[in-house]
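Have a look at the structure that comes next, please.
Chain IDs A, B, C and D follow the sequence of writing; residue 1 opens each chain.
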């Protein structure tokens, strides 16, 4: 199981009822799989994820969603910040 | 209203053009003559990107009617270098990285050259006030002012051979 | 869209005729207001009459009474006339606060006056100096005090077919000095939030024998504050006199709140700038610091 | 946090090119007026477009009559919002910040409602600009005026006019049942803020406000589009990302991206404001209708009225420390102007507010608020300067209450590598402490002050970014190198790319030329924004140059008949290490000259999504002199200190620091969108939108602190955005130092400073 921590605004926007102790426990094999699993919980998440979401795997932002999560402890789902 | 025929001199070349009575000199330079080095940043004389020298004085070409140029002489950024040899102001802008996007640069160079043509040894404050009609949003002016002061020093050296 | 004709007459008479023929026609001096207004669509004159090809319209000359400044004389050209600078430094400085160098190489005091902005920089200085306009029109030439030209923002007292041909400044009076100061958020390229022009005369003892104080941007037109001048006359510009002058200036200020400043700030600045300008004018008049 | 060991790429060694200051390759064109910017481009047979814009801040479009305009001789096409396809909602992140493509479309041409004064309604194309403008005057639009709202608090008030009936606040639970102007709410933090504030030795509770400001690039938006009947199109435009222009335009027009070729023209400044589109789909539609290329160009007034300002804000801060100056709690709640459509700055505001301090108890809440202003768009570190102004002012106020030096208070609480950010993620190898220490050691910090002068300090940060870039490095037959990127060069990146490629190949800088290629000539690259180009496109340049180097080595080895490991790249040439050719060397020119007979042309493409970017930190010191009688503020001395990772081309790094500082000073002192009571913008021009001019500023001293990024081969960290973050508070703190009064509302124009000095009026 990987600990999935969903940061605002996505916690309340999508997953409010599923989050216990600030976390979800899922077993995704990579980040694409995670998006699919989150979409199953909250339809609409997958559509906005590429534009609005960043993932951090064990504390490091990861832009490669094929990244294997077999060894990962924690994935943080946080808002993507745009630059100028 | 029919167009107006104007004979003028641009960068040393005798030139003729037809213009609308309300066209600005900038419009004609850019759209009729293809001299797009002079830029339109505001169209109201507030940014200096269209600075040219008209009969020896620098002006915003967006605030000159093209018809007014009859019989006058106009100097634009395209005439600052002598052939492929850059004017010291141009050279110093490159050496000091005094441009980032470069859009305001032609106006600054024409204005800076106009300053050094009459004041070979300006102070930093004089440079800053002289160039206050030219807006730059990229550089914070620091490297521009340094480039102009350095160009002035080089021009002074050229004028007084050792 | 009505089209605009362009004319560049050689004589005052031709210019008057062209302007009289079309009430929407506008004289063109430096164009730094007119062309902006045309390009923005605020103004669509039927004709533009360029005054710069008329002889005598550009440049400064002396006559028996003082200085004659052609209507098409750009502000920077005023600085080149040493006698004018020596006599009326406040007027020359005021004209050279307008816009940028590029703008001042075109802009004229006559245009600054006829644009009729209450914030025009050169106008308070001209009013304080007692300048007079020579207005050309269908019935010939007439003289008008500068302060009588603007009547409201954007409106002048000039009749159809008339234009300002000259601005006349008197010779510098003995013991005279003038100054103009303005407040702007930026150091350059700005419109006066408040402007104050002062012209005064001191006698050999340092007593003020006459004073004219004019303010910009504190009312619909530039105002000549006679009470403020009167507060200085007969004094040696001591603190009490300056305070009375500032008070009179503030009392005469009736500004608006707008994007450039608030009523309270404008009133306060009118007093501060007038006092500072008086001190500069006095020092130019030869007062001992 | 730092990238894992596997991503470590930094090669600390003596550089030959990195850190030098050569002239940029595009320099001569730019000082001679030859460089072609957006408004300079002409296509044969081109028509001139113009756009009719809404005179109302909020209104329903009842009808549009364009018949008279269409009948005008010379008018070739007229377009309204009805000419754009109806789209399904789709959030895209092609530029910087996410936008719903439906909003992008409606912002290009309004459909049923206009949402701000200046909103585009009808476009025409004609044979001359004069005819196009005349045609606009012949169009009749019937509006039903609606109540409008400009302020963020007013927009959230009960009974406020609601801009969109399909916006339900994102990020709140339960989901709202009614639409509102609160587009999105983001909250982060943890711990017991109330408890910690109650026990703090000193607290500051204040409100800070800012007005929207414009990016202020000098080049107005412009483009030329040519859309043929077969569906293929070309667009010539300047932007911060021509691939973003392509994907957004294709999405708005529901057409394949490969049918659009976007050629990037030189860009005259962007600062975030050119990461989106306004004109391109409109010019495309006009071109399709007329069968001719069409130019659309904005006037300066249109730029102000219709393109993205940065959001203004209302920000409430509560912050407390114990008697020793350890920060114990901070709460920041802010409302950002989103303008006409949902913008993106709240999330960045939340993560940019207080993450630079170690604080156990925090709560940061940001809300995006819709209002009848132009849609807010990215502006250099979007969302950060506003909230930083509030927090860094409050820190200064707290230092005053505690009697602790403001620099020491910051240093005492400064977050370092491993400390948590607001999101909980640990900081990587950041240089914040190093910047504060550099500030303390700088002579400016201890220089004496004159009468009426004051000194302020502030620190700030920006997260930076990596992301997708494509670079093609190719070798000409004579051995010279061309680097083609998909990243628009907005301030010298061609020079930086050439430096990095020359460094890899160990050849003279002049032997490498760098260009920006069009969308058909290079792979997809994200916008030049987010301070990502030198980092991410630089990483791709290094990788492609490395690949080219490998190919050159392989070719030489094959020509010598040795194996690849028997050759080595030294000083810009391949050297044979073994065999009968041992000691011989072959230059790139020698290899490339024979490349056609040794396997073909030599080139390599690197297409990557760069990871391992690190945030940047800056500390600015500002001295002001205030005229106590007039409230005029003069900046008398300014020093910007920043962790830049490694400065590839130091001139352009300094230039970013100076330019960002100048923009921040403008924001602090003078810049603001000023509206009339009628809901119309009152200062849509450079005369009354008062950006700093040369005489307003002193020299801006820079100190580049280099704490290299372990994940980049040359240690690069983004530098462009950080420097606009600290100046707002640095100036406010300096004014406080000069006059003993605190200004909490920007801009700090003379009449506000005067009012602070003379509260009696």
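Following the convention adopted for this analysis, contacts are C-beta pairs under 8 Å (C-beta built on N, C-alpha and C of every residue); 3 or more make two chains touch, one makes a residue touch a chain.
Note that this is a predicted model, so its numbers are computed, not measured.
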item	value
Pair sharing more residue contacts (C-beta pairs) when C-D is set against A-D	A-D
Subunit C and subunit D, separation of their C-alpha mean positions in angstrom	44
Subunit A-subunit D separation of Cα centroids, rounded to whole Å	26
Averaged-CA centre spacing for the pair subunit B and subunit A, given as whole angstrom	55
Cα-centroid distance, subunit A relative to subunit C, in whole angstrom	68
Subunit B, residues touching no fewer than two other chains	22, 43-44, 46, 129, 132-134
In subunit C, residues with contacts to at least two other chains	40, 187-189
Sites on subunit A at which at least two other chains make contact	none
Touching chain combinations (by label order)	A-D, B-C, B-D, C-D
Of subunit D, residues touching subunit A in the complex	1-4, 90-93, 95-98, 170-174, 184-188, 215, 270-273, 275, 344, 347-348, 350-352, 378-383, 423-426, 462-467, 529-532, 609, 611, 613, 718, 721
Subunit C residues touching subunit D - in the complex, by the definition given at the top	1, 40, 183, 185-191, 193, 258-262, 264-265, 268-269, 272-273
Contact footprint of subunit B on subunit D as seen in their complex	21, 23-24, 26-28, 30-37, 39-40, 130, 215-220, 266-271, 299-300, 490-492, 649, 651-652, 654-656, 658-663, 685-687, 691-697, 699-700
Touch list for subunit B against partner subunit C, complex	1, 4, 21-22, 24, 43-46, 48, 51, 54, 57-60, 62-65, 67-68, 70, 111, 129-130, 132-134
Residue ranges of subunit A touching subunit D (in the complex, touch as defined)	5, 7-10, 12-13, 16, 47-48, 50-52, 56, 59-64, 76, 78-84
